[in-house]
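Before I ask anything, let me first share the structure, which is written out below as structure tokens.
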Amino acid sequence: MKVMIDICIVPLGVGVSVSEYVAACQRVLQDAKLDHQMHAYGTNVEGDWDEVMAAVKRCHEVVHELGAPRITTSMRLGTRNDREQSMDDKIQSVRNKLDS
Amino acid sequence: MKVMIDICIVPLGVGVSVSEYVAACQRVLQDAKLDHQMHAYGTNVEGDWDEVMAAVKRCHEVVHELGAPRITTSMRLGTRNDREQSMDDKIQSVRNKLDS
Amino acid sequence: MKVMIDICIVPLGVGVSVSEYVAACQRVLQDAKLDHQMHAYGTNVEGDWDEVMAAVKRCHEVVHELGAPRITTSMRLGTRNDREQSMDDKIQSVRNKLDS
Amino acid sequence: MKVMIDICIVPLGVGVSVSEYVAACQRVLQDAKLDHQMHAYGTNVEGDWDEVMAAVKRCHEVVHELGAPRITTSMRLGTRNDREQSMDDKIQSVRNKLDS
């Protein structure tokens, strides 16, 4: 089963600047060789369910290892079995409606 | 690693009534013997990370098997390594502040 | 337009314990006389869209006033124009499926 | 008070294809002259709290008008009073950590 997620990992107890922790998670996604795209309030990731979820778990572990005693993450997860649709497909589908 | 999640699974392409699908997910959580508590806009679940995430995956599989071609889930995930805190502890902690 | 929300307000830069801030938001909802129900990972609120959103804004203001320099909130918002459905109705609808 | 949100509006009861509804919301944001950036699983919007929330309400109204009887939206909302930070600033802040 393929999944597309949007994830925003928030470390607590480490002050207001969280970019160091977000960067560490970007490295986890890169190391996992998962397609991903950061935006201003989260990151899109797509791939096999088990691989994506293993990376999400690894992100929590890495952020704890970096010193965050508590983490609260918000995530969207999308699956479909009617057809394949990539991250680019989703954006293009909306753009086509906007142009028409 | 223990995790507490709040999950809201939304099947698309099956009309406006989603209670049948939510009920199927409640059964998945019961079968997995995970502590869980349904509320009006989601369900809290707590337990071992891998067991909780296996149940989340099983929910997506079951909802697809019931006929939903597409699913979009929103989820919060909380982990902490400073101390243990159950779902009841979290609520009691706020109630203590309200009473004081 | 009526709305039902599920909201989880997370103050950053104030340490790991957030119950004081959650309690302050509970008081905001009480003062606004909005139907609400706290759970272990958020709070359900229902009412008129403008009144509910005014309370959400007031929560952010109050949490900043209490000393949090940064807040990240996750929220679900549900509206429907096919019929009225209360928080209790939603839960009962799932329970009926579980019993059948 | 400035706010940055990430919003994903999901119409129910209209089948699996939701791009028409997402496109309508993009037009609402354009008409409101709010800075916004669509990604594969939502849209970032930043601006004055009241203006952003008015656009969110308008999106729900427009999606209902287009025929969706039910909508479930997931949203993140970020506010801070320690300093100004744009959507581009947030992304750049993480990129600087990745490069260092």
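Think of it as A, B, C and D in the order they're written, each chain with its own count starting at 1.
By our rule, a residue touches a chain if its C-beta (ideal position, glycine included) is under 8 Å from a C-beta of that chain, and two chains touch if they have at least 3 such contacts.
Just so you know, these numbers come straight off a predicted model, no measurement behind them.
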Chain pair with more C-beta contacts, A-D versus A-B: A-D
How many degrees of rotation map chain B onto its copy chain C on CA atoms, rounded to the nearest 5? 180
Inter-centroid spacing, chain D versus chain A (mean Cα positions, whole Å): 17
Per the centroid of Cα atoms for each chain, what is the distance between chain A and chain C, given in Å? 25
Interchain centroid distance [CA atoms averaged], chain A/chain B, Å: 19
What positions in chain C touch 2 or more of the other chains? 8, 13, 16, 69-70, 72, 74, 76, 78, 80, 82
Note which residues of chain A are touching chain B in the complex, please. 1, 3, 13, 49-50, 53, 56-57, 60-61, 64, 69-82
Contacts from chain A onto chain D in the complex sit at residues 4-6, 8, 16-17, 19-20, 22-23, 26-27, 37-42, 44, 46, 74, 76, 78, 80, 82, 87-88, 90-91, 93-94, 96-98
Provide the residue numbers of chain D that touch chain B in the complex, in ascending order. 8, 10, 12-13, 15-16, 18, 69-70, 72, 74
